[in-house]
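Structure incoming, see below.
Note that the chains take the letters A, B, C, D and E in the order they are written out, and that residue 1 is the start of every chain.
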């Protein structure tokens, strides 16, 4: 079902109106979306029940200091009988779907809402924007140049149209930047749209052309990125250089929405080497850098989740040493995902690829 | 004989061709020179002396003819299969006297195959039916050069005749 | 014990065919096919030992006796040799041959038997012709060096050994008569050939004619007695 | 008699012997396993592949818990169990005394090689001039008169074959350590008290050399089935590159001749050998796999006896998917073909037409040979109940049957001796004694024992260099060097070191340790170093020394470092021991269930016997043959009167929780819920006749199932009617999809029925249409009997079954008799259909018990061959029709077997967690449950309140799949924790 | 450094490949000495970390040997390992580690000669590829 909503308001307001209606009409018990607090313009994921507060929600703000999927997973870690509308970027939706496969959350109570995504800016860039613009959401949305200022992984993202969501907020192709076209992607979403009482319509006219245009640009960016990244890990020696400044802070893995471990193995006793082991290594090599296992960490993390990487780029954004972790990750995971024929977030029913055992190879 | 004249065996001695040949050879009543029979030959067990004798009388004449062969042939081989599982020449059981020539010839292919596999030019038999049948099938299967000899014939051929 | 057959009739062949001397139970054919697999003429003109056994077991004697099947067999016994159940296949076939009307016995077998019964040899060769042939071949042999004093001992009373002859040697393959004669001569054996009833082949065996077989055997016994011989050389 | 010292003698170390020895050992008794030959394993080490999964799997017979890597691995290499003493080259020469207290005299023949001096350099074998046909390869290869009888065991000793040894002395001369003694010595020892004896003598195979039909021994390309498997084997005479023995040509065409030495009254073998059909199918598939899928494989058979539950599908797959040819004709003899080495077979095809085919090799499916008589020594005592034989009366058995019989023999032996099942020594493999536990708990201090073995041909090592490096290694390491040769000079010094050491872990490093290991292990145990606290480095091992004479310190240090790393990380087992309830739940009170219940109850186990029906006995009371029914009637009486058995009829299992050793659940009976707790459960839910519509069953009154027909025949009124023709059709609705299995009982029932009809109606026409008559084993005699009683047997193929139609009121059966080559049309008074058996519906029950079900609805056992009554749930066992079709007497036997397996669990008072089982570290577990899904044993479950992953330490087999899917090592494997392994890898790459 | 002997580590399962190695040993089928064997209960327990670790510790080749599919002592640990390892192969290739350096083979307990063959072949392959770039500071 396709509904044109509040075509008199400008788009961000129309979206806010939509979210409000969800609460007001009791279509959802809560809304999880980006919210700019009075203390900072930087939006933070916020669970909202009071519809009035939604005025300060910035669901379309081109910023995401956190991958909201992880936060959403907390709210959705079990079904407590409340319907929660979560507004996420497509990459976050994908991550959330992967999370559900890992029993980290249940999507039964969730109404998944996502939008055609033009990317997010790095935090400092967004703060700059917010400092100069009253309505950074609308400004970003209306200014193609600003859309080029998003972070590298967003610029290289090819999956910016939502998949597996209940409601899509169509932003691409809306030339007048008024209102928002809502598209249901499930029965659940259709029910919501019906209750909103809108009339069924068509997709915005220029949408496909807009998507194609963005896609073409991003493909160029992506090629550049993967070529560059591949050169940075062409062999182990080069790779060592690439990650030479890594501090083993593990921020990348904390920021990663699919790195779901409660505690990373690299901070457990597995890598808390006893002095005799460290001494032994030092004896063997003549010297040993501490913290140890830096290469080990990056390779292992890739081995663990490359097949599930959604390409959100948070890992790069949080790296204090400016290592292009996401570039590397996106490049490697492209190959691994191709190998397994596995696309994260695409099919909620599909288990993690290495768990699949072909039945003909089992004992009868 | 056993059936109709059980007393016969008390009154008379009996001897098979093998018994006789072996008796003559072992006792020295005849002497043989095996170099006379200097072609490579094979020995064929007739059903009656071999398998069927084994079945009816508990003794098949397998070793006896082979002993005789050893005495008077310089080079001879066994067919395969041999002895108890030997193939019939195809002329036994009176079939030589029936009009079923085609069947008989067809039967004989097994014997021919056996002989061909050994590569011999002479086949030695101690049976008239086998002698006749093997000659017939040798002709039918394009082996005109195959010599068929009686066992006693090769003995007779190798006989050492004292000048006096 | 009455042997019943699967199709509710009894088989006289099965009842009269002698059992094999080996310890075989009542005809227990699993129709496994060993006999037929081993028989060189299986499939020729419908021949199939297993089928013959099964026909008899089914009491279908007449069908068997009427057919050519019993006469295609060489009675070689290879089938029995491997039969895991010890079926008396050869006896069954011979018995079936014996049930054929004598005038329907194919080929020369029965004629030979009749001639043999009448004339003492299966060729029906008169006695004069026989002695002529034998003596003639004997004379030829005496021309060879070492055999100068050779003579065929016909009806020699008191000799040690009776030597009967296969009719084909007398008939067409005279040259093969001499092998034994040579051996006897060199071995200085005392032997003889009867002038009558010299036939060495008992075709009664082939035709399934037990009465004829007995007559032939009787004649041998008679020779032994009449010629005061002490040793029978089994026909070749 | 002091029960804790009960020991048993097992004679014969083939599959049956090993299995019963392990059963006894795991039930807590000590066992002396006596084998006349040079090695254990019977025929199994010769075979690499078993139906139905085409793999060996013999190791699955080993206890699934308590394993030390290296201690127990491949049973082909030999058996090692702390409760089992193995004596090869040994025979029982006397047995005196009474049941429960025998004295046995054992006589062993020396091997001619000193175990301590021999360095396994095999120089002796190289120089031996004698060459004999190798029995291990079933004459398909040669070996010397001194040889290594064990398969791939680097520590196994060469042995002199006294029968073939010429005493030429070459070997003794070649031996650098004078380890060879050419005098054959017999040693006698007496063993007492022996509680009981199990005789597992095995079955000799028929020797085809006694017949000239197949040319065996003359034509080199004619081999036995065993030899053919050796030819295909990587450890066989061609080392996995099989070629035709006569000329080394590739093997492209292979034929199997079935029933060689079986089903042949002429050689006194009226029986069917039961195993050869499946063996041949398996070999044909193996040949395709090894030699190429286009290999021509043809099996010549009489009846393809695929009577096992999975056999028919296996055969069909072989035929339909792999293209194995099946020809129903017994082969007369093997002839050479025109090309040298080729072999020709003539046969009749399914239509009775003659055929001829040429092969590269002919394989003889040799069956059972003449069974050895039990020596009078033992035969005298079988009546006393304490000398039990493993089913020689049944003839040759496949693995599954042998294993079942072994379980059954042990069960009946224990039952007869009335052993109190809980008074025994619990096996203590790898389980730490008190002192060991303490040592485990301490910071690792490593005592290195360098055992410098002075024998020649052991690798020479520069010990001081190694010692120096060890001492410089980080960590607390102490090194002592002891010189050993012939075991001398070892005792005192070793004692001192072990007594005075500050070490709490031992590392043994030697240049030659084989032969000493057992003695040393015992000494270490006594000094408080249990097996897990000790690591061994034998520098004489091939993979270390690589055959070199001198080992450089660098090379030697690699394995030493690895062992050190492993020792540093040794940890005690974690988790609490769990109490085991000495009680069992038996579900189903048919023949199998009753048998299991009675057997358990007799051994002191409290049994809850739950039966859905209102009376017990299952199909038992419906068995018409009194002789077959009597044992089941007796079981009913015994079960009803047994103080240890409580019977719940009209009841089902309602719910279940808990784990092996302690389950809780309730039984639902007339809306009542009776709570129960028990240590193990046995599924014996049985089966029922199948319903089929095949041949128009149900449409015409004269068309009845053979069960109904049996009832009619036994009805006295039946004889009063007139009867002309009875037609029986076998495999109605079975042995084809969807019910593609043989029900095993129908052929015998048809034959019984036919013979009964024959008795009543001497002139009736009785015709049986069959696909394959499945009279395996001794029941073949029944078939033979029927064949002599004027019963006509007509074979048909699945694709061309007989047709049943009506002509007015009469039923007519049309078929084709390929033997006679003619069509048959039979007006039948009765048509009896062999409808087969199906299991009772068990899906719900199996879900409760966490046990998988086969597509046909049978319970899936843990391993079809090696663990036939176990399920993958270690607390649940299965027997009888629930698992697959079988006869009532077989069900009773399976019941006893299942009881024994349950007893192995119930016999323990508690279950200690295994050192190798997985442990979850809840604090860091993210609860993604990937481990739960990936556990092949269902040993993990989610605790419902907190959502924590719990491991059932009994069900867990220590495979580590869970640990490898866990990204953050929240689940860890006993000693194979990630840091251990990674440090070991690091050490290995030094 | 370039001419050093290749370092090869074989991670093998206790039940099949290790037994095959022993069989090769007792059959005196010599395989190259630079193979170091580490035994596991099952290939199913081989964690990706172990393989990464091996390469980082300077292994030039990593050989994983397990039971044939269907023959796993633990039902299907081997095929699960295969699935996991195949992905790792792709991953490591991105870092210049030739997939040929990292192989998984099924070697049954009775396949001593097969074990020897595999070891020889693998060693040859690794020798042809030359040493993997090694850094003393690899543990970085």
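As a convention for this text, a residue touches a chain if its C-beta (ideal position, glycine included) is under 8 Å from a C-beta of that chain, and two chains touch if they have at least 3 such contacts.
None of the values given here were measured: they were computed from a predicted structure.
Enquirer: Can you name the chains that touch subunit A as well as subunit C?
Expert: D
Enquirer: By label order, what chains touch subunit B and subunit E together?
Expert: D
Enquirer: Taking each chain's centre as the mean of its C-alpha atoms, which one ends up farthest from the centre of subunit D?
Expert: Farthest from subunit D by mean C-alpha position: C.
Enquirer: So which chain is the furthest away from subunit A, centre to centre on CA atoms?
Expert: C
Enquirer: Approximately how many whole Å separate the CA-defined centres of subunit B and subunit C?
Expert: 16
Enquirer: Could you state the distance in Å from the CA-based centre of subunit B to that of subunit D?
Expert: Distance between chain centres, rounded to whole Å: 54 Å.
Enquirer: Quick check: how many Å separate the C-alpha centres of subunit C and subunit D?
Expert: 58
Enquirer: Would you kindly tell me how far, in whole Å, the mean C-alpha position of subunit E lies from that of subunit A?
Expert: Subunit A and subunit E have C-alpha centres separated by 37 Å.
Enquirer: Could you pull out the residues of subunit D that touch at least 2 other chains?
Expert: Counting only residues that touch two or more other chains, subunit D contributes 53, 213, 333, 934, 965, 978, 982, 986.
Enquirer: Residues of subunit B that contact two or more other chains, please.
Expert: If we look for residues of subunit B contacting two or more partner chains, we find 84-85.
Enquirer: For subunit C, which residues are shared contacts with two or more other chains?
Expert: 22, 78, 81-82
Enquirer: Can you name every chain pair that touches?
Expert: Applying the touch rule to all chain pairs gives A-D, A-E, B-C, B-D, C-D, D-E.
Enquirer: Along subunit D, where are the residues that touch subunit A in the complex?
Expert: 52-53, 310, 473-475, 568, 864, 923-930, 933-934, 965, 967-970, 977-979, 982-983, 986, 990
Enquirer: Okay, in this complex, where on subunit E does subunit A touch?
Expert: Residues 48-49, 52-53, 55-56, 69-70, 72, 75-76, 79-80, 83-84, 86-88, 90-97, 132-133, 135-140.
Enquirer: Along subunit D, where are the residues that touch subunit C in the complex?
Expert: Checking each residue of subunit D against subunit C gives 213, 259, 263-267, 302, 328-333, 345-348, 352-354, 762-767, 783-784, 787-793, 819-821.
Enquirer: Flag every residue of subunit D that touches subunit E in the complex, lowest number first.
Expert: On the subunit D side, the touching residues are 48, 53-57, 59-60, 67, 69-70, 73-74, 76-77, 120, 122, 148, 151-154, 156, 233-235, 239-241, 541-543, 546-547, 555, 558, 562, 872, 916, 934, 936-937, 957-961, 963-965, 973, 976, 978, 981-982, 984-986, 988-989.
Enquirer: Using the touch definition from the top, list the residues of subunit C that touch subunit B in their complex.
Expert: Touch list, subunit C to subunit B: 20-22, 40-41, 44-45, 47, 68, 71-78, 80-82, 90, 106-109, 112, 145-147, 161, 166, 168-169, 176, 178-180, 182-183, 186-189, 201, 203, 205-207, 214, 217-218, 220-221, 224, 229-234, 236.
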